[in-house]
Amino acid sequence: MQDILKECVKIGKQVAELGLVATYIPELEKGNKKDVGIAIMDLEGQFYGEGVYLKEFTLQSITKVIALLLALEDKGKEEVFKHVHMEPTGDPFNSIMSFEVKNPEKPFNPMINAGAMVVTSLIRGETKEEKIKRILAFYELLRGKEGATYDEKVYRSEKATGDRNRSLAYFMKSTGIMQGDTDEILDLYFMQCSILGNCKDIATIGAILASNGIHPLTKARVIKKENARLVKTVMTTCGMYDASGEFAVSCGIPAKSGVGGGILGAVPGVFGVCTFGPSLDKKGNSIAGIKMMEYLSKKLDLSIF
Amino acid sequence: MQDILKECVKIGKQVAELGLVATYIPELEKGNKKDVGIAIMDLEGQFYGEGVYLKEFTLQSITKVIALLLALEDKGKEEVFKHVHMEPTGDPFNSIMSFEVKNPEKPFNPMINAGAMVVTSLIRGETKEEKIKRILAFYELLRGKEGATYDEKVYRSEKATGDRNRSLAYFMKSTGIMQGDTDEILDLYFMQCSILGNCKDIATIGAILASNGIHPLTKARVIKKENARLVKTVMTTCGMYDASGEFAVSCGIPAKSGVGGGILGAVPGVFGVCTFGPSLDKKGNSIAGIKMMEYLSKKLDLSIF
Amino acid sequence: MQDILKECVKIGKQVAELGLVATYIPELEKGNKKDVGIAIMDLEGQFYGEGVYLKEFTLQSITKVIALLLALEDKGKEEVFKHVHMEPTGDPFNSIMSFEVKNPEKPFNPMINAGAMVVTSLIRGETKEEKIKRILAFYELLRGKEGATYDEKVYRSEKATGDRNRSLAYFMKSTGIMQGDTDEILDLYFMQCSILGNCKDIATIGAILASNGIHPLTKARVIKKENARLVKTVMTTCGMYDASGEFAVSCGIPAKSGVGGGILGAVPGVFGVCTFGPSLDKKGNSIAGIKMMEYLSKKLDLSIF
Amino acid sequence: MQDILKECVKIGKQVAELGLVATYIPELEKGNKKDVGIAIMDLEGQFYGEGVYLKEFTLQSITKVIALLLALEDKGKEEVFKHVHMEPTGDPFNSIMSFEVKNPEKPFNPMINAGAMVVTSLIRGETKEEKIKRILAFYELLRGKEGATYDEKVYRSEKATGDRNRSLAYFMKSTGIMQGDTDEILDLYFMQCSILGNCKDIATIGAILASNGIHPLTKARVIKKENARLVKTVMTTCGMYDASGEFAVSCGIPAKSGVGGGILGAVPGVFGVCTFGPSLDKKGNSIAGIKMMEYLSKKLDLSIF
């Protein structure tokens, strides 16, 4: 396995400089295009890492998975999906027009920004502070490591430039799709996107999903089976932005990417995997990450299809 | 003339209760459907009024005309139309989707909410307080009467429920279409919509437009000829929401309506006119107002076409 | 007047080569960019022409005015506007998306392709041949000259490349917006677009509209007053494609352009005018034509606003 | 297994009358709501059927899978996906607006009408007759039974009422997305939708997909492994119209439905399955079919996630 990961990193490095690091959040521009890392945590708790697999990055959209899992544990599937659909969409992740065109009662799915904001609004907690504490505590439980925090600079950068997300949130507020204090939900959403983690942390979360809820290190059930399965399904149909369909064909691994450069993968019954590389393609997915996932999937015949 | 206005009010009252008063702003729900008024100010300063023509109402979208005139006087036509187009649109007044679909560099026209916000952002003034003072002072100059103010309750009601406008404003901020402090511009916009006036005030403004800029009472030039003409043109193509085309056919009078129930009309070379009736049709125009305008136009052959 | 027209042609020639001739119909690519012409017919039947004012061109969208007038004479205003709105739209002339987004019961207005096809479908006649004969005969009546015909090559070219119009027509058929044999209506529409005329012909039609229906040469009433006025209104709000608002501001003359290079103008109570120049701007309007109209409007203070 | 299928049919019958048979094609209105059937073909060629599993129905959108497989065998993956994407879309199956809004170079995926027409246009054959013969022959190969044909009445009904598909096809023709004779492709598409089959036929095709290309009865490879896998992936993300995401969550079985009432399912490595019931839900999927698939998936733990 270690040799395969070495090969992965080699392949990742070959393409890493072809893309661009995210620029819409000034703090993300500082990412080093040459960074490439990969980690695997299998269901027995066996861990493998290569490249910069311990380097921290902001999870960005990968936290959509964490927030969805927490909301599901908090409120149950039925309640959560009263407020968000589970259908893929061909629209961009920050699209607002479908709300006007189709006047839907809820956003398409929890992996686009609109849906993720609604999910965030459902997390239990009296105050914003309590909610972010609960998210961080849940994240610590999943990765099996304390000391979780969000990057203050990235959070401030997100907040300063988040006008499109503000527009989306206020639109949903105006139609009643989203309840609660809009500014507070936005703030929580920006914090959540800025949570820090490394490949090992994320691969561990992938392993929990792969095993339908059992923590690979403690063997304790940390999430319900049906929630784990549901989240893997949503990741497969909606997890890789507008390239979800293509990724499903080329890899066939339930996965969720973030513009921080990470990709969380969960191979059902096999292992969790995380790739990292801050250089992105046009769809917003890590160039090196996609290549490494494709290599891994072909090498080990991991496609679920 | 007085007899014609009496007939107008009679006709207006017959339909006044068929519509609904605006409900999206709670304060507007208090409007009395039975109220009907009309006023005419001719270019010589001769004034005629009937019905509740001295009753105050909030000008709402009629202030889009005042703000546009002030921005034109402040910055000149060229500068203003760098930031907003002058094209009619078939989209609703609060539409956001065209921004995503067409990715335009500026809103369609100054009579839809998006365009009016951009126009408001162009008005000179160091602070929000200075800007609203300048708008009110300009409005006093136009109507020829001091003591202009905005309705504090309606303003607070607009602000409390203005999430769709917030969404629009932040979208324009995110794409660079609108500059400045978004919350301040929104606040100014809500204040501006809540400015109070009666039929006589508005008919006087109509007379200024009708005469291409000369005040009917003082005979002083208060706005530039080209600005008066431009604004009448934009009123004709875009002034009556989604019913602008139909109104142009049935009346042929440059006009601007507001959901407060007022309609400002400017018959070029003839007179200014204002109708009032808070009961609205589905497009958001005063039911009684439209009927009175149609009657007046046919009776006096006022169509510009 | 002759001197003014000479100046117009001079101004038109200065800009004529800045644009592009229409290329979407191969036959139109043959237009000579250097051609510039203008003609005026006043209400007394006095005629003035300069440049290539007798050169024939295909009327293209200018026939939307002729077809609308004929349908109005055939069926009456009420019946026609059961099938098409009279509202301006910010969408392109060949837009189809609003039909899906808004699911309207009728097209926005008779000046966009969808609306013009519906209008064409309303013209009386048992067969396609009878209908085109009636259109040509009506056109002969208006221009006061026999021998009207359509350009066979342009017609075939339109037909061969008219897939977008076919798409529009079948969409309207599928939703019940348009009745009748779709292919036959499309064929008639392509024929109609290819009708030939020169500046004198079109200026004469402009004079009829300007006088609310009286033929300038025979002094006979050829169209109803209310139809003439209605058509001038629709021309003002929708006649110059996506530049109708800007043209209303810069010229203030009810007008309709065609991609063949012609522009029909009707100055109420004054005269009819036609400009020609096959070189088009990005909106599809004749570059030289727009400039000549603007010069003429300013010189003679023709704006209706 | 037989008992499980009996239970399936029982469950299917309970809901069968809650929906509506397809009415947009007059011939389909004749479907009997009480009909419910199910069939399973495992990878060893063992077959199980219950209910009206031998009753013939028109395959409708299920043929999108067959046409895609044939095009892939004919032209290869690379060539096919030059002309169509593999991304899910939240738009309806017959949507045209995204073509205007996004101006894409190809349709979203082969499971929506636009994409299926493009796929159909790629199938080898000199003439329409040769192409439909090749499609039918390929279908015979897959189901392992001769005598394939399409329902002439349904075909004529589709053709007579297919204006929305015509609109889509001409739009794609106008933008160059689809090449070839538009009317011929439409005709072929209507024929293809009208192909007849029963649950056993379709379950056999499902088994081929489930085994990555091996025919369950002859053990011969009939399609390439990568094509089988690719098609299962596209079925998972896009196969159940706007309910694909929800079906993935509730069943987790790669599937394709048709408005004729059939659903084709392929459980990787396990078996092929087909349900039938002409009563449809609002999304166009068989009500009884969905219920039977859900029961089967839970009972046998078939979700791929």
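A, B, C and D label the chains in the order they appear, each numbered from 1.
Definition applied: contacts are C-beta pairs under 8 Å (C-beta built on N, C-alpha and C of every residue); 3 or more make two chains touch, one makes a residue touch a chain.
Values in this document were obtained by computation on a predicted structure and should not be read as measured data.
Asks: Give me the step distance from subunit A to subunit D, shortest route via touching chains only.
Replies: Minimal hop count between subunit A and subunit D: 1.
Asks: Tell me which chain's centre, taken as the mean of its C-alpha atoms, is farthest from subunit C.
Replies: The chain lying farthest from subunit C is A.
Asks: Using mean CA coordinates as chain centres, what's the subunit C-subunit D distance in Å?
Replies: Comparing mean C-alpha positions, subunit D is 48 Å from subunit C.
Asks: What whole-Å value do you get for the distance between subunit B and subunit C if each is reduced to the mean of its CA atoms?
Replies: Each chain's C-alpha centroid was found; their separation is 32 Å.
Asks: How many angstrom between the C-alpha centroids of subunit D and subunit B?
Replies: 55
Asks: Which residues does subunit C have that touch at least 2 chains other than itself?
Replies: Touching at least two other chains: 97, 101.
Asks: Which chains touch which?
Replies: Every pair of chains in contact is listed here: A-B, A-D, B-C, C-D.
Asks: Residue numbers of subunit C touching subunit B in their complex, please.
Replies: So the residues of subunit C touching subunit B come out as 85-91, 97-98, 101, 108-109, 229-230, 232-234, 236-238, 242-246, 248-249, 252, 254, 268, 303-305.
Asks: Spell out the residues on subunit C that touch subunit D in their complex, using ranges where they run on.
Replies: 95-97, 100-101, 163-164, 166-171, 173-174, 182
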